[in-house]
Amino acid sequence: MNTDTKDRTIYKPQFIRGDALKIPTYRVLKQDGSLYKNAQAPEVDQPLALRIYSSMVRTRMLDERGLASQRQGRLSFYMQSTGEEATTVGFAAALDDQDMIMTQYREQGALVYRGFTLDEFMNQLFSNALDYGKGRQMPIHYGSEKLHFMTISSTLATQLPQATGYAYGQKLAGEGHCTVAVFGEGAASEGDFHAALNMAAVLKVPAIFLCRNNGYAISTPASEQFAGDGIAPRGIGYGMHTIRVDGNDILAVLEATRQARKIAVEQNEPVLIEAMSYRLAAHSSSDDPSGYRSNAEEAKWRDLDPLLRMKNWLLQQGWWSEEEDKALFEADRQAVMAAMKKAEKVGRPHIDEMITDVYDIPPAHLQQQLQDLKAHIRLYPEVYPKSALQLDAPEGVNRG
Amino acid sequence: MNTDTKDRTIYKPQFIRGDALKIPTYRVLKQDGSLYKNAQAPEVDQPLALRIYSSMVRTRMLDERGLASQRQGRLSFYMQSTGEEATTVGFAAALDDQDMIMTQYREQGALVYRGFTLDEFMNQLFSNALDYGKGRQMPIHYGSEKLHFMTISSTLATQLPQATGYAYGQKLAGEGHCTVAVFGEGAASEGDFHAALNMAAVLKVPAIFLCRNNGYAISTPASEQFAGDGIAPRGIGYGMHTIRVDGNDILAVLEATRQARKIAVEQNEPVLIEAMSYRLAAHSSSDDPSGYRSNAEEAKWRDLDPLLRMKNWLLQQGWWSEEEDKALFEADRQAVMAAMKKAEKVGRPHIDEMITDVYDIPPAHLQQQLQDLKAHIRLYPEVYPKSALQLDAPEGVNRG
Amino acid sequence: MAKMNLLQAVNNALDIAMAANERVVCFGEDVGVFGGVFRATSHLQEKYGRARCFNTPLVEQGIIGFANGLASQGSVAVAEIQFADYIFPAFDQIVNEAAKFRYRSGNLFNVGGLTIRTPYGGGIAGGHYHSQSPEAYFAHTPGLKVVVPRNPHQAKGLLLASIRDANPVIFFEPKRIYRASVGEVPEEDYELPLGKAEVVREGSDITLLAWGAQMEYLELAAELADKEGISCELIDLRTILPWDVETVAASVKKTGRLLISHEAPITGGFAGEIATTIQEQCFLHLESPIARVAGLDVPYPLALEKEYIPDQWKIFEAIKSSVNF
Amino acid sequence: MAKMNLLQAVNNALDIAMAANERVVCFGEDVGVFGGVFRATSHLQEKYGRARCFNTPLVEQGIIGFANGLASQGSVAVAEIQFADYIFPAFDQIVNEAAKFRYRSGNLFNVGGLTIRTPYGGGIAGGHYHSQSPEAYFAHTPGLKVVVPRNPHQAKGLLLASIRDANPVIFFEPKRIYRASVGEVPEEDYELPLGKAEVVREGSDITLLAWGAQMEYLELAAELADKEGISCELIDLRTILPWDVETVAASVKKTGRLLISHEAPITGGFAGEIATTIQEQCFLHLESPIARVAGLDVPYPLALEKEYIPDQWKIFEAIKSSVNF
């Protein structure tokens, strides 16, 4: 047993209270862009700082336009990450571009940072023939093999034990890469969370588990999700290196993740990071938060906007100006809208894609089912007009 | 968010190490029967002490004979609890007899303490017509409604979220009862463990989660089960009152559970107890531990025998003598063997019990299936001789 | 009588069940203040308090484990799984625990008070994980009852019966028609029988069988067939497990033909069970092979959803094939 | 050739797979030093090191989640679930994740390297939780392959094929005959095809179809029938998903009769799928209803196990009923 209890004996039955272990929060940057007195900025040069900031801005614009076009009925669904951009861009900026990222669904910031193009985003959102996922999943289920970004799955927390396994494979491969799994504080209630972190600690894998504690899981506040001091203390329970950071503080997220990566890759030890933030927008385009939280609460967090915080820092560094800022926002807004228009015009996935990728090669029964379906579509072209048109066309050009 | 991070800020990225939280072990009784210098014995009078001790002895004898008759081919399967009797009897002795107990499978001590008779044990072990479980589950899957002992299920950890739910019902009922769920350190790796403890803490239920950390899950040592400081620190993570006790120390287990019960019932707050012990026997009658652990290790723990420890204390109290002890062991051994012989002679469950209790009332298709089966048995009485004999007999008298 | 949509009928049934029996407790993800993501539990927390209607942490295996324990204690546990696609983490607690609780204890303990409500099915642009119809997984599990209503009136009566049934019930709610299906619903407390199919339209040439949202396509197909002079008998199975062999067999003996439709992938779907039983019981009456119109054997797709759905046109074609066999 | 029992054949296949490809990794509860509770992974840790053969913590959902991730990374993950009865906590990782991994990503990612080995079935006094045959649950899940061998020779060849197949495979091992089934097994590396049934005995009056341990009862029943002058054709389905419709249909067209047997509860079992497909494809050839001999619709019982099992006598009676229909 690795619990050597010899020299830690008590003779009175003292219960340790649930709040015995309070985990502090690591912060660097104040909202006004200055550093905390005792804090030190991580090494960030101007190009990196601007890559990070422009990724945050682009993410914001993507989300703004994404929701707007859902409201216009152009998109069936959208999920914004507003307020959490420092976390989702910041962690990505701390990684090697070859490290695997496995996310939940609200981490478009990481994809932007890695260089997923607006066209790539839009093809997925519009489920068109160029979507790498072949239009099979709902909007926001991005994935990119070349960017080492695992295709998103809607089922919460399933990516966590998968990250443990992926990282184990990376350890076997010995090429110095790690896996970062990102998840919400709600998803951390799932059994898969427990499985993932415990296995990662026991099997000593180079994985970083990054919890976005944004206060809500749809309508459920964190206070009805757990009773302890957030998610971080669980890491200690698993015998795992753990840190809590201010998730709206780009410099803190960046530095914590850099150091976490060092531990993961050099020591083959997993790390848990809990990033404290707030989901400023609705859960998704299907949600209306006014039923479960107050405007005042939202306003409080709006004042802690991570973009503003970073901008203030950039301004203080002399690396950025208000004019450049305005121009960037506007340019991105335009670029997003242009990409949308383009993606909307791309046709949808070919009917033949109905049965590909279920297996490596479609077995006989699936081929038969497709053939029957096509025969049926020929009978009723007016009912299935889009696929009727495809019947005699060659298969679409939709591989990425 | 119930994570108020205001006044706990750090400005350097300090990771908290997995071993930051070391939980001490509560002990009262030394192996020689004397108390630790600073320890205090809980209130235990002679009748209670003897009820506890005789339950431990009976459990030991049950296990000795249970395994022996498995070896003789009389029983198909058996599981011993040798070495863990102080934990399994001790916790039960701290409860109100109406409190619900939900166990894993190695807690026969609690059932003995509650007064499950040898006949009741044997009827289950021999799957006879008097088994409350109607011979449907493997040996050791006991249950007793009147003793508030939930029928055991082989699927590990499933009883844990069930205990949370049961305790929630007790809280609604408001009669001052609690639920105790017992499980191994191996089972604590299951997703259901996480679900159970987190929900219990959030929903504030009167439940005690008692982990028997006995060093092994079949062949898997605790060191390959978790990397942290055992199971206890997880309780802190859930914001739950937590204590670790020496599981071979009857007085420590008793007192810790008593106080845990007080917290649970008076404050409607769950408690986690980790009892440190050792599985002295094989995992089950199907297992041979020589393939995965040393005799020396076993010997070390044999020296910490909880029965001996309690006996030494009783002797020092002047409540017990070596003669009485010998006589008790011998009487119990005889009683167990007599009960076995008796149970062996009881017929097996009636064929009609094949389809009862799947639903409250057997639906038409099950009635049909039973009828078809009986018609078949009539055709081949020599293939199914035991049930052939029952076909025209009335249904057995096997309800408890 | 009042006009209600299916969601309102569900909400009304829960309200009545909670008012009638204070041991009824409703819970699940976002079920409390918010009233559930579809609002099926709206206002229940307000009316009956937080102790009886509440949010749980986000953990399906925990929700059902908790529900099993609560039901075994004697409470009436009504657990919501937010989407049927997310019921699988709870599969062990349902299949190994709830379904076997009474049998394994020789009836010392039971979880008869358990009802699991969950929205199922496609047609809402939900992709793989907001569209599945997993009823067949549960129908292979003795000890469970599986119920699916087709409209508001059925939903209320069947849900009240499910909550009060002495066995664990999985109650699948057809979310595609949550709001679209509107009808007259008695305001009072009533129950519809579990385990009984309903002949919703008599006919002579072929029996059409389905459940839940799929009944709508069946009815549309029957109308198409009507125009071609084919008379269809329509049956709503309502309870998938245990299912009403008698009603279906009687109909097939009359019509000589059977078509079964479900949205789930065809292979291993529950139509296979029905067809096999019916070919056994009605072998000499069958004038054509029993037909299935079901989902393709692929994960539920998004962009090609319309093509995937076993709609009225596919059913109509299968009807003609069967009749012309 | 060497004489091996089924366990040794499995162990031998794993050994060959690990020797041939260093990316093959075996893991699960107690599979390390101990070699698994049935010893199927004996000596593999010794030979290939702890990194490639190891114990996991006790968490089935974690084992399969981990395996999915490992396979998606490009390793060949061979995960053991100690008993098929304990596969249900991993149901979500199998049904929602492994099965849909390739499809949902448009083939950017896949877990084709995943094989799940698990001992299944009754007849060993295992009661509810050491006896189940859950193959039908998985057979309703597009994206998975489901394989069951009947003897050592088949076990080795099918397991090697499963490990190397580019799709996730669940490999059910018939534990009742782990040691009882002994036969000649080629020592070299070989594969048997997935998705192909095998006609193990030709006959003319009726087709008998099963898989795994149930094949033994089928053979015994065929011998009983032989004595009564009934000629049985025996087919081992071997792969449950995707299954070999062609071979079965060809046989039924020849014999005119079909009997399917499995140990799992009859309702919702995979026999229903087979029977429904075959009645459709062979309608005009069928001389009697397709018969099923399967487990009762109850949790697997202990004391009444003998009565529960679909043994040769039950099969023999069903053969006679079919032939005399």
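Chains: A, B, C and D, in written order; residue numbering restarts at 1 for each.
Please note the rule applied: a contact is a pair of C-beta atoms (placed from the backbone, for glycine too) under 8 Å apart; a residue touches a chain by one contact, two chains touch by 3 or more.
Quick caveat: nothing in here was measured; it's all calculated off a predicted structure.
Engineer: What is the chain whose Cα centroid lies farthest from the Cα centroid of chain D?
Structural biologist: The most distant chain relative to chain D turns out to be A.
Engineer: Per the definition of touch at the top, where is the C-beta contact count highest among chain pairs?
Structural biologist: A-B
Engineer: Just how far, in Å, is the C-alpha centre of chain B from the one of chain A?
Structural biologist: Computed from C-alpha means, the inter-chain centre distance equals 43 Å.
Engineer: Could you put a whole-Å number on the gap between the CA centroids of chain A and chain D?
Structural biologist: Measuring from centre to centre gives 39 Å for this pair.
Engineer: Give, as an integer number of Å, the spacing between the C-alpha centres of chain C and chain A.
Structural biologist: One centre to the other, that is 35 Å.
Engineer: By residue number and range, which residues of chain C touch two or more other chains?
Structural biologist: 54, 57, 59, 61-62, 85, 88-89, 92, 96, 100, 103-104, 128-129, 142-143, 242, 267, 297-299
Engineer: Which chain A residues touch at least two other chains?
Structural biologist: Residues 134, 136-137, 141, 153, 155, 189-192, 194-195, 198, 202, 224-226, 358, 365-366 of chain A touch two or more partner chains.
Engineer: Quick one: in the complex, what on chain D touches chain B?
Structural biologist: 29-30, 32-35, 37, 54-55, 57-62, 85-86, 88-89, 125-130, 266-267, 296-299, 301-304, 306-308, 311, 313-314, 317
Engineer: Once bound in the complex, which stretches of chain C touch chain D?
Structural biologist: 61, 85, 88-89, 91-92, 95-96, 99-100, 103-104, 128-129, 136-137, 139-143, 241-242, 264-265, 267-273, 275-277, 279-280, 283, 286, 288-292, 297-299, 325
Engineer: Of all residues in chain D, which touch chain A in the complex?
Structural biologist: The touching residues are 23, 25, 51-52, 54, 56-57, 59, 61-62, 64-75, 77, 89, 92-93, 96-97, 100, 102-110, 112, 142-143, 145, 166-167, 195, 242, 245-246.
Engineer: Over in the complex, which chain A residues touch chain D? Could you list them?
Structural biologist: Residues in contact with chain D: 100, 102, 131-134, 136-137, 141, 143-145, 150-151, 153, 155, 158, 160-170, 172-173, 179, 191-192, 194-196, 198-199, 202-203, 356-360, 363-366, 398-400.
Engineer: Going by the contact rule set out above, which residues of chain A touch chain C in the complex?
Structural biologist: Spelled out, the residues of chain A in touch with chain C are 76-77, 127-128, 134-138, 141, 153-156, 186-187, 189-192, 217-220, 224-226, 286-287, 291-292, 348-349, 351, 353-355, 358, 365-366, 369-370, 373, 376-377, 379-380, 383-384, 387.
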